[in-house]
Amino acid sequence: MHAPDGFLNAGTAVATGVVSAGTIGMALRQLKQTMSEKVVPVAGITAAFIFAAQMFNFPVAAGTTGHLMGGALAAILLGPHLGALVVTVVVAVQALFFADGGLTALGYNILNMAIVPAYGGYALFGIFKRILPNGRGGIVGATALAAWGSVVLSAAAFSIQWLFGATAPIPFTRVFAAMVGVHVLIGIGEAVISALAVGAVLASRPDLVHGAKGVALGEGTGKVPMRVFVIGGVLVSLAFATIVSQFAVDNPDGLEWVAETEGFAEQGAEHAWSDFLFADYATRGIENETLSLAIAGIVGTLITLLVAWGILRAFRERSPGATA
Amino acid sequence: MGAGHAHALYVHEHSPIHAASPEAKVAAVLLFVLSVAITPPLQAWAFGVYAVLLASALVVGRIPLRFFLLRLVGILPFILLALMVPFVGSGERIDLGWVSVSREGLWAAWGIIAKATLGAGAAIVLVATTEVPAVLAGLRTLKVPSVLVAIAGFMIRYLELIADEMGRMRQAMTARGHDPRWLWQARPIASASGALFVRAYERGERVHSAMMARGYTGEMPVLEERETPVASWLAVLAGPMVAAVVAVIAVVGS
Amino acid sequence: MTAAIEVRDLRFAYPDGREALRGVDLAVGQGERVALLGPNGAGKTTLALHLNGLLEPASGEVLIGGLALSEETVTDIRRRVGLVFQDPNDQLFMPTVAEDVAFGPANLGLRGEELDAVVADALERVGASELARRPPHHLSGGEKRLAALATTLAMEPEILVLDEPGSGLDPAGRRMLVETLAGLDVTLIVITHDLPFALELCPRSVVMDGGRVVADMPTRELLARPDLLAEHRLELPYGFTLAHD
């Protein structure tokens, strides 16, 4: 997901850059007001933890491995503001020092890997925490669902940016189906690892789990039977992935490229400047336009609402992520 | 855990690029990368100019080619992804006999690969010729919020320590015969990462105590007040300015 | 002459309810070198954190050079009492050793050449001048100890409190540390499990157990009391006997 330079067009890079910079600026201001100065070393060292966790492979199936993204985990452990900030620093350091992800791609990479998973994941966590029974098990379960959701949201957010900033002739609906479909499965790993990690922290230092503040933890261990949990997750996700891909594959891609080949060359020259800013390959296909915009609109609204709700929730709590 | 070792990023050499001021180098890399990113893939000549500029930086900065190529590995997944684009892309098809590819997709793939390589290459040159503390100082001089730079500094400082702790935990598990192959066997690893988070957090608290003990008030003291002369700014930015001019010509002319 | 450190009936409990200090009384004279001994969990580190105001006592008093520790005096006292932490990695958090050494004096407002001079001097006092430009995570265990000591010395403390300074050092590193510490003109409190180390460096020993001071006597006398040592889980290395002079 660490997209390189020029993977989305300039307009999308600038637009996402403005959104990311604004959100991070807001989180910084908020943290300065409510947090002790302890936040800087703690944030830096937990950022190192997230970075290391992203390098730490866990088994997926038959010896293949995956790794953690950690946005939702960071938000649940540290609170959404600090969580988003910490993952932002991770993504920026990866780009600058490790050439992992482009410097001009930081706008969308930070949005997709830090802001959407942290705030969106935290919003989902809040919702599931209310639905699930109170206590340790509820926190662990809500973490799993939120972590899964955060990965799917992140993939969907990228697809929507593709709608506006595509640099290759792959229509939005295909990218959406592929990205979301794959991440519905990848999310299971994220869910399992995040939930178990939060469970382990709850067992030794429950005061360090921001998301568990004010929750009576009780005596339960919060253990979920692993095999049941994983297999259940796979089945639900497969069903979800099938629906998403059906939705996207049903529409005739073929028609689109026939329509497109007419006058592509002239169009390219004429619209150099508008292309330069927003070359929306996906909406160029006539048949696809309505569907693309409909999916993008619904999903985009959903993501925006969740992220905004996560931000609002974080502001309402006004409790610092670092315990004093 | 190769990526955790920050010293593998720097090439110990003496070159004009090594000696240049870090803020000018960071600004130069940003300008270069920006130029690359906005250039339409169809303007292949522009990418030729960028490649020459980057290659000159490698030569002047005495960065071994092998080192450079190894560091580029990070972009491989996107290169593989880009290689699929001509096959799944829409638009006019070119018949290659055994398979047909999308013309537009070919150009797009070329664009993704060229930009990813040049962009990552520029960042690699920066950290190969500038030590981490200097890059951070450069970012501060360029008005990146000091809190973010401080957090990044702490992160890089403790990265190896935490990666080592993680490696030792894994070793201890392997030593006791833990060889997970399925996700539902991942509990020990996940619990270990929970424990690791607690350790990281507690270390953060101890570091904070150590800072307080030496009079920390919440603001990191700024030690260096260097001024980079205009002439050396210009010297460092010369190459990227060529790139910027090329980019403007390429965008306007496309 | 006022005592360098005076602690009166100091009590402290951690948020989880664990009582770490249950009424500690201690007086240390100017220029004394005192070993603070005792089993794990005796409250030694907790006491050390009180000496420069990193922890706030539940009750009792801490006086440094006759000055009572309070909200108003804490900044001054932090400058006068240097704390060297158990894990040097916690104390070396800046990108280079020189910047780490500069951190304290810079917080006191020093800049420019004056700051550079203080940094160079502190590194020279511990014999680590050549480490200045190195990033801390590439140093050996012994080098880290010296660098951590220099970060504190740069504050020109009157009192130096070291938490387990000898742990993780090889014999040569340990020897160098003893020599460096013995050459400093400060009041010294050394927390340690290492009785020979205490004997080499500190004429006086204070034993803590269960949050209280349980023994306070010349180190040489303490080491000749196997009953007292055993009672507080202290042990001389196998085969170690005191030479009688």
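For reference, chains read A, B and C in written order, and residue numbers begin at 1 within each chain.
Criterion: a residue touches a chain if its C-beta (ideal position, glycine included) is under 8 Å from a C-beta of that chain, and two chains touch if they have at least 3 such contacts.
All of these numbers come straight from a predicted model, not from anything done at the bench.
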Chain closest to the middle [Cα centroid of all protein chains]: B
Chain whose average C-alpha position is farthest from chain A's own: C
Chain A and chain B, separation of their C-alpha mean positions in angstrom: 21
Chain B and chain C, separation of their C-alpha mean positions in angstrom: 41
Chain A-chain C separation of Cα centroids, rounded to whole Å: 47
Sites on chain B at which at least two other chains make contact: 6, 132, 153-154, 156-158, 161, 203, 207, 211, 216-217
Shared-contact residues (touching 2 or more other chains) in chain A: 41
Contacts with two or more other chains, residues of chain C listed in rising order: 93
Footprint of chain B on chain C - complex, ascending: 49, 52, 54, 75, 78-79, 82-83, 85, 87, 89-91, 93-96, 99, 102-104, 106-108, 111-112, 115, 135-138, 151-152, 155
Complex contact set, residues of chain B against chain A: 1, 3-4, 6, 9, 29-30, 33-34, 36-42, 71-72, 74-75, 78, 82, 85, 88-92, 102, 104-105, 108-109, 111-112, 115-116, 118-124, 126-127, 132, 135, 145, 147-148, 150-159, 161-163, 166, 170, 180-187, 189-198, 200-205, 207-208, 211, 216-218, 220, 251-252, 254
Residue ranges of chain A in contact with chain B within the complex: 2-7, 10, 13, 24-25, 28, 31-32, 37-38, 40-49, 51-53, 55-56, 58-63, 68, 77, 85-86, 88-90, 92-93, 95-100, 102-105, 167-171, 174, 188-189, 192-193, 195-201, 203-205, 208, 226-227, 229-231, 253, 256-257, 260-261, 264, 268-269, 272-273, 275-276, 285
Chain B residues touching chain C - in the complex, by the definition given at the top: 6-7, 132-133, 136, 153-154, 156-158, 160-161, 203, 206-207, 209-217, 221, 223, 225
